[in-house]
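Below is a structure I'd like to ask you about.
To keep things simple, chains are lettered A, B, C, D, E and F as they appear, and every chain counts its residues starting from 1.
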Amino acid sequence: MINAGDTAWVLISTALVIMMTPALGFFYAGMVRRKNILSTLMLSVSILALISVQWVLYGYSLSFGTDHAGLIGGLNWLGLNGVGQEANAGYAATIPHLAFMVFQLAFAVITPALITGAFVERISFGSFLLYILLWSTFVYAPVAHWVWGIGGWLRNMGALDFAGGTVVHITAGISALSMAMVIGKRKGYGKTPMEPSNIPLTVLGAFLLWFGWFGFNGGSALAANGLAVSAFVVTNTAAASAALAWMVVSWIHKRPSVLGLATGAVVGLVAITPASGFVSPLSAIVIGAVAAVISYYAILIRTKSGLDDSLDVFACHGMGGIFGALATGLFAEKAINSAGADGLFFGNPGLFGIQAFTVAVVALFAFIVSFILAKVIDAIFSLRAKEAEENIGLDIAQHGETAFS
Amino acid sequence: MINAGDTAWVLISTALVIMMTPALGFFYAGMVRRKNILSTLMLSVSILALISVQWVLYGYSLSFGTDHAGLIGGLNWLGLNGVGQEANAGYAATIPHLAFMVFQLAFAVITPALITGAFVERISFGSFLLYILLWSTFVYAPVAHWVWGIGGWLRNMGALDFAGGTVVHITAGISALSMAMVIGKRKGYGKTPMEPSNIPLTVLGAFLLWFGWFGFNGGSALAANGLAVSAFVVTNTAAASAALAWMVVSWIHKRPSVLGLATGAVVGLVAITPASGFVSPLSAIVIGAVAAVISYYAILIRTKSGLDDSLDVFACHGMGGIFGALATGLFAEKAINSAGADGLFFGNPGLFGIQAFTVAVVALFAFIVSFILAKVIDAIFSLRAKEAEENIGLDIAQHGETAFS
Amino acid sequence: MINAGDTAWVLISTALVIMMTPALGFFYAGMVRRKNILSTLMLSVSILALISVQWVLYGYSLSFGTDHAGLIGGLNWLGLNGVGQEANAGYAATIPHLAFMVFQLAFAVITPALITGAFVERISFGSFLLYILLWSTFVYAPVAHWVWGIGGWLRNMGALDFAGGTVVHITAGISALSMAMVIGKRKGYGKTPMEPSNIPLTVLGAFLLWFGWFGFNGGSALAANGLAVSAFVVTNTAAASAALAWMVVSWIHKRPSVLGLATGAVVGLVAITPASGFVSPLSAIVIGAVAAVISYYAILIRTKSGLDDSLDVFACHGMGGIFGALATGLFAEKAINSAGADGLFFGNPGLFGIQAFTVAVVALFAFIVSFILAKVIDAIFSLRAKEAEENIGLDIAQHGETAFS
Amino acid sequence: MSFKKIEAIIRSEKLEEVRIALEAEGFVGMTVTEVKGRGTQKGIVLEWRAGEYRVEFLPKLKVEVIVDDFDCERAISAIEKSARTGQPGDGKIFVSPVENIIRVRTGERGDKAI
Amino acid sequence: MSFKKIEAIIRSEKLEEVRIALEAEGFVGMTVTEVKGRGTQKGIVLEWRAGEYRVEFLPKLKVEVIVDDFDCERAISAIEKSARTGQPGDGKIFVSPVENIIRVRTGERGDKAI
Amino acid sequence: MSFKKIEAIIRSEKLEEVRIALEAEGFVGMTVTEVKGRGTQKGIVLEWRAGEYRVEFLPKLKVEVIVDDFDCERAISAIEKSARTGQPGDGKIFVSPVENIIRVRTGERGDKAI
């Protein structure tokens, strides 16, 4: 039976998560040079347009349609045929099936948008769109099916991923890594400073992300119940704890910046995502703080490595997602969510094993497929904008506009 | 009986739609020259202040009060007398009457704000406030009553307007046309470029509009039910499809800009508005894409015409609203909403006739009344700022402030 | 019994109120000089991080835990021990206890953030964090307990404060006053203009605050019922009325600015806060308009006084909160909320007395404690940044970053 | 070989007119900078949230045109006419010597580079 | 008829003091530009999300005052004193010749236009 | 005692190369201003929501280096080489006389202040 309260909560959560993709665009756009602000924004918002349509046409069906061998969904829901105003009890018994579909749409949209941080300021816009379409089809859809789809093999194995640590952040973070390797450094990278040109925009984006994440994690309960509230609470707690930890670490290094605090908050949100339906607020404090420290040093190492994962998608989302998935295996409690499992710290080492296995499998799969996609597109169309375009800035060169006049 | 889930949904929808008016202010403000950013913002936000009070005092009563001859509401709800915490079953049986009132308030606020795009950078602020007050009284209130009020003659005739294609976008778009004719071109228009000065602001506004539109259309179900979800889904789909279509068309012309994509999204949202409670996601893809192409060429034609409807309110909202209202007559399905009707493509040509008739009547009425209002105010007070004010910029000249220091 | 509709409403309201703290950061940041934009933002967002953790660890328990002599909550809910997914009927019978806790968290976060407007552009960041932690412990927690905690002595006396006029705005406004006195003027204050550097940012912040305030006041009903709707409606009405009044007053003085209108809106929101669950829309019009006039002149007087309460926290939040609390004693109606009381204008002078007494007690308490805290910290660590840091700007000097490059 | 730099501080809203006037006289090249200035027109009063405050500097534009010696007067008078409103704050034109000009693209110098 | 352009690159936070010092000496007119500069003070280290990065240019202000030849020293020393902190990065003053001045509002030239 | 001001209008994206080329020649001090310019390269066509519009001015950077007379040519050629792309819009270099230089920090003048 459709419940109005649950439906209201899932709808507003969906609206929040859809809003997160433009918010991510702002978060990223503020960190690039002024000549690439709009092109960076364009990457995120064009994905919102593209994948919103793709999901309706076939993405949803591929991810959540009738299972084939645990590996992929069927084509039975192409064009949302058969996805209607009644509930689909398998996925969510108290809200319209369409509500579940559109909630999932928001995740399918933001995941590839996360990757864009790896190749800002030098991507060819046409190749980019093609990459995203293929990536959504060949990386996102299968992994979403494995972990969340009814019949998905990792789901059946007992892997826990409440709101997308594995499906969203690991796939995106790992694919960012492969993309950064294939596309190469920005011109002048390492020699001239690549100053963030508009930090208020980044801060705006970060806190709209924080705001939207209540829908991301809280909405993943698919009902307005105690579990949703619990997920909501730990989301805020982990974000805050990670922001504080980042502030402290950078203060020890030198000075606490708002850019750092915002980054820390996002990392905390990433790390709590898979765990948010299974852990207590005190565990969330630990998860957030540890994730912040890990990602902080991951950025330092990445910077020294010379790899130009420009906005540190791997260090923030990849490492955050991996740590969060493993932390779920440590901190999960059946006392919080009886449909979950206990983690290592609550007497069940088995869960940790499953989580670690899941991380490894998904990371490997995402890396291989995304690497191949990048290489193939690069070979045929070139992933990279022309040198002159990169020099002038992609805003003018590819989109014919400037952010400010 | 009041339902908490439905009430929660209508309240949050209302909050979203109220937020859309400042969002529209940002959308518009980013497209004007730097010296007029604040005055452009001021137009929208001062309407939020003005009409919020007007609606409580008499606007709501005039629009939704006891019907007089199908033409206008009575004065029985002046000052919200009798509008209380219980439901008004005629309008919405499961939420407090006050909730329906304030949801409608949000629409009464944003509609005149849409018009402001026609006369930015040159309007006299005092005349503007007077115009808005009169317009809300003599254009908005009657049309809202005809189409949505119990006893309204167009409603009785069977016209479908789920969330305001006719009431909101056609009235605003057509009145923008008449305003642009009366107030005349900006100084230098057509000779010197009128560069958009802050595209990130416009993009921010556009995607806050997208976000808010979930409340606009989804909330128009006045309950958190399957219909709300359906409206929510087609809203996102049409916006995405229109954004994509706009991107493709401008790419064919030359280059895809984020300003274009954002405009396309808004046009898609406009076009789906009247249809959102009656059509399927696949229809939404068509509606969005066609609307984008229409508005794109409407802007090109308008630009050449020399008419300075500065931010193309007619091309975007007028044309989008007209097309959306007609498309409702084509794509509506009783399978989606049993309280609706089937459209032409589903075997019922009659609906298309009603929709076309409604469009014509409302467009004509809005044009005549808004033209007269503009002419009269112009004759008495002058609609236009002084030339020196226009030269210096309205921010300093009329409001004594500059956007950035 | 947990109600999904009520839970959905309280969750989304909480998300809105949490979002208000960064929004406040933007509101404030736009009004300082460019060299201090980020440091001003940092003040607000670091409080979100800090108090979110403090509240979970002990703040909630101190404020709402088992009463001790009407003065303070116990330590029984340390670390949220015993605060779970079931309802706590004493506070809110239809939502999980955790939902009530996190809704209150949002208020505990934004209240100290309001104070930051008093000492922007010259505070030492380390001393600031310490001040906030102590202030939350020794000012906020007791006052919240007195007014809202079960067993709190002011609550038992019958003081009405629906959404925080006393607990939030009076404590913050009064503490801002004492802080401004202790920390002293900005260098050059009164001699060189301290121009607001980014008014669009301030307007964005103001209208995100307006948007969030629907959760602030509407959510304080702790259910999605008629009372929530009523609070929602008067919130919008008072904000609009105050914005209009501010516009008119400044127009009479000289010119209506968008900065003024935004300020007026915020003042209206402040003033309606304590009254929002008890008054009618027509009363809200009066409350908003009168509050605007009071705060307008309070700013003028403050400016002449030479006290550098830089962003007029006392004039806006202190005066607005005091007036709102008193106005509750005038305009409250049992017809709106049977759990409330009638005010002076509805035949019950007693309520006004209680409200006035509450205002006096809380203002005095907040002033004394906050003054002592400021003095002690100043003596030990210095509240103030070094002169060279203030000259260069705190963004570079304390946080190592610049807003725009 | 001798050139002049004509530096004109003008009202922001006059740029287009000045550009057109200069172009009409054959001066296409120019460089424009956003500046803040004060002079006879000492400052401006702006609105604070309540009340006003005074700002000492006003936004202006600086237009720089480098010309041949003998073109100098023509350029000056084009600017003068197009920038004038007759109110305080119309701005000033400063003329100073330039000794050489190099076109980066070609390396040409002097006359040919202008 | 001969004038000087005094171009001072100063710390941004010193503008008000410089303006007041110049005004005290009777120099009201001036034009200010936001610039970025480097010199002895080579750059600055800022925070990236984690770790730091170095920026080569620092925000500065350029103050331009055109004065009569014989006022030149007075103006220079007013600026010098008011802009000095004694730390690297205080800036430089450049003096160069100006041949003519035109007041756009009136068309006055030379001495009368200053 | 005589100095030159070298004022180069360059493409924004060339700043780093110019800075490095100047530094390699020993010129550390310089001042950079964001300007808008036009010349041979008359403007640029940008996208409006639908269709295009033409902007008359392009963003450029002005690099100012004050040098000793005899260093002038070296500095010019460093800029020339590093700023060149060969396409219209590479910019111009203007050389003009500077009569004196004062280091604010120390009050040193002339040669010592450079």
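One rule holds in what follows: a contact is a pair of C-beta atoms (placed from the backbone, for glycine too) under 8 Å apart; a residue touches a chain by one contact, two chains touch by 3 or more.
Every value quoted in this text rests on a predicted model; they were computed, and no experiment measured them.
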item: Number of steps on the shortest touching-chain route linking chain C and chain F; value: 2
item: Winner on C-beta contact pairs when A-C is weighed against E-F; value: A-C
item: Inter-chain centre distance, chain A versus chain E - centres from mean C-alpha coordinates, in Å; value: 49
item: Whole-Å separation of chain centres (CA-atom averages), chain C against chain E; value: 44
item: Approximate Å spacing (C-alpha centroids) for the pair chain B, chain E; value: 51
item: Multi-partner residues of chain F (at least 2 other chains); value: 33-34, 46-47, 52, 55-56, 96-97
item: Two or more partner chains touched - positions in chain B; value: 3-6, 8-9, 12, 192, 195-196, 198, 204, 224, 254-255, 257, 259, 399-402, 405
item: All touching chain pairs, where touch follows the definition stated at the start; value: A-B, A-C, A-E, A-F, B-C, B-D, B-F, C-D, C-E, D-E, D-F, E-F
item: Touch list for chain C against partner chain D, complex; value: 192-196, 249-250, 253-255, 257, 259-260, 263, 295-297, 299-300, 303, 312
item: Chain A partner contacts - residues on chain C that touch it in the complex; value: 2-9, 11-12, 14-15, 18-19, 22, 25-26, 29, 37-39, 41-42, 45-46, 48-50, 52-53, 56, 79-80, 84-86, 95-96, 98-99, 101-102, 105, 125, 198, 201, 204, 224, 398-405
item: List of chain D residues in touch with chain E within their complex; value: 4, 8-10, 33-40, 42, 56-57, 60, 62, 76, 79-80, 83-97
item: Of all residues in chain D, those that touch chain F in their complex; value: 3, 5, 19, 28-34, 66, 96-105, 107, 113
item: Residue ranges of chain D touching chain C (in the complex, touch as defined); value: 46-56
